[in-house]
Amino acid sequence: MSAVVNEDAEVKAAHFDELIGTEWISSDPDDARVRLRFRDDLRQPFGLMHGGVLSTLVESVCSAATFAAVSEQGMAAMGQSIEVSFIRPITEGGAEVRAKARHRGRTTWLWQAEVLNDEGKPCAIAKMTIAVRPRPDA
Amino acid sequence: MSAVVNEDAEVKAAHFDELIGTEWISSDPDDARVRLRFRDDLRQPFGLMHGGVLSTLVESVCSAATFAAVSEQGMAAMGQSIEVSFIRPITEGGAEVRAKARHRGRTTWLWQAEVLNDEGKPCAIAKMTIAVRPRPDA
Amino acid sequence: MSAVVNEDAEVKAAHFDELIGTEWISSDPDDARVRLRFRDDLRQPFGLMHGGVLSTLVESVCSAATFAAVSEQGMAAMGQSIEVSFIRPITEGGAEVRAKARHRGRTTWLWQAEVLNDEGKPCAIAKMTIAVRPRPDA
Amino acid sequence: MSAVVNEDAEVKAAHFDELIGTEWISSDPDDARVRLRFRDDLRQPFGLMHGGVLSTLVESVCSAATFAAVSEQGMAAMGQSIEVSFIRPITEGGAEVRAKARHRGRTTWLWQAEVLNDEGKPCAIAKMTIAVRPRPDA
């Protein structure tokens, strides 16, 4: 049993959201949120926050919030497609993603999300489809 | 002069592609490529490579290859939108992105890209628009 | 003067929105709207409203509302990209698109839109980028 | 039996592809194609072919070619999402869509497509996801 706990802890410590510093705020399907503080190693070559960081945050919050809602029924959630439009670069402070599930189907959930900077200004908007599938272990 | 070199080195060391381990292979607009080795800290909670890593690779190669082509005219390149469809999870080995510029306009470049695993099987396909704008310093 | 009127009328009579029956409701960038009544010749082979009709409505309202806002500055508006996710088929009644400009830039406008059926239920959500360019004749 | 034929004919005559003039060329998943001749009633207000016509053609060819491949297994095919990037306006002649199924899964097919003008120049590129579901009547 403790092995399982250790294994879980290790997995958590190793995963990508830990690497970039994702802070989990809410997995409410009507207002799911994650946040992240800027760090130098999140920049692209011109010094802006790399768009891939924003795409990662969007995918993380949509996947995690879908999974939180469907896991009790023995289902898993996995990104199927993501579309992000970048509006305003982020150069300091942080980023917050707010996402809302617009469709909660049996096989797919469809999300709209926006990325805001520390002043609450929109920096990107996104649409993401999460596939919902039976869990192999469930 | 050495200050500039140091500054550049520092910027390079700090940026997001260094963090995730992007290897630059080609910035040829007809066959631009980056590659990356799997590491535990690139996983999402179920152990697969996080989709955000793939989105990051796509954005990095499209942005860098556009910039390589337009920088001599004093232009900068910045991600405007990205769309990624995930086909097959990556659980080990690595990922390679191959991208082709389908349109090379005055204000935008439009790219198609695919992500392959180590066996050459498609794991994601993507479309990305890069905005081309005058460089403030040019 | 009457020649201009006639010319305009002819253009209007010939264009695609006339063919499908688009009804123009509002070009307010915060709540732009078009509507359309179902007809048999808008169906796809299974009898549902063809997704292309919905994509057309989204593009029409976003383009027209952008043009309404920028034409006084001598600018034209043209679709650059569209992304539509279909949620619920429409089989009768009608469709209404409601769109909101999330970014109003010098060179691009970025819209979010949703398509509702007659009962107000979401049938599709969309994101559309409109390019804003100088008018040749302005 | 003749009633069925008549019913089919009526459905065909009524549907959206008949209205816009889609010509069916190939439903080969590796090279599916449709074509269309320009007509005045396919224009948008500035005289170009309406982007919605191109989105319609992409959706028609991807849906029809998926259905052709899965119908024998009692499955139906329905558009789930479409993303079109417009490159070059079409003002005369015609449009041809060429599409290739990049993923042929149990629940979704994923297509890449391009729209060419009469000179073979790319006018749009697209990505489309088609949902594959059991047919109610199968």
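Should a chain be cited, it is by its letter among A, B, C and D, assigned in written order, with residues numbered from 1 in that chain.
Going forward, contacts are C-beta pairs under 8 Å (C-beta built on N, C-alpha and C of every residue); 3 or more make two chains touch, one makes a residue touch a chain.
This structure is a prediction, so every number in the text was calculated from the model and none was measured.
For subunit A and subunit D, what is the smallest step count along a path of chains that touch one another?
Minimum number of steps from subunit A to subunit D: 1.
Note whether the interface between subunit A and subunit C is symmetric in residue numbering, meaning over half of all numbers used appear on both sides, and answer same or different.
Same, since most residue numbers here occur in both copies.
So, what's the distance in Å between the C-alpha centres of subunit C and subunit A?
31
Could you give the separation in Å between the centres of subunit A and subunit B, each centre being the mean of its C-alpha atoms?
20
Scan subunit D for residues touching two or more other chains and write them down.
80-81, 83, 85, 129
Considering only the defined contacts, which subunit A positions touch subunit D in the complex?
Within the complex, subunit A touches subunit D at residues 80-81, 83, 107-108, 129, 131.
In the complex, go through subunit A and note every residue touching subunit C.
83, 85, 87, 102-103, 105, 110, 112, 114, 122, 125, 127, 129
Which part of subunit D faces subunit C closely enough to touch in the complex?
11-12, 14-20, 40-48, 50-53, 55-57, 59-60, 63-64, 76, 78-86, 89
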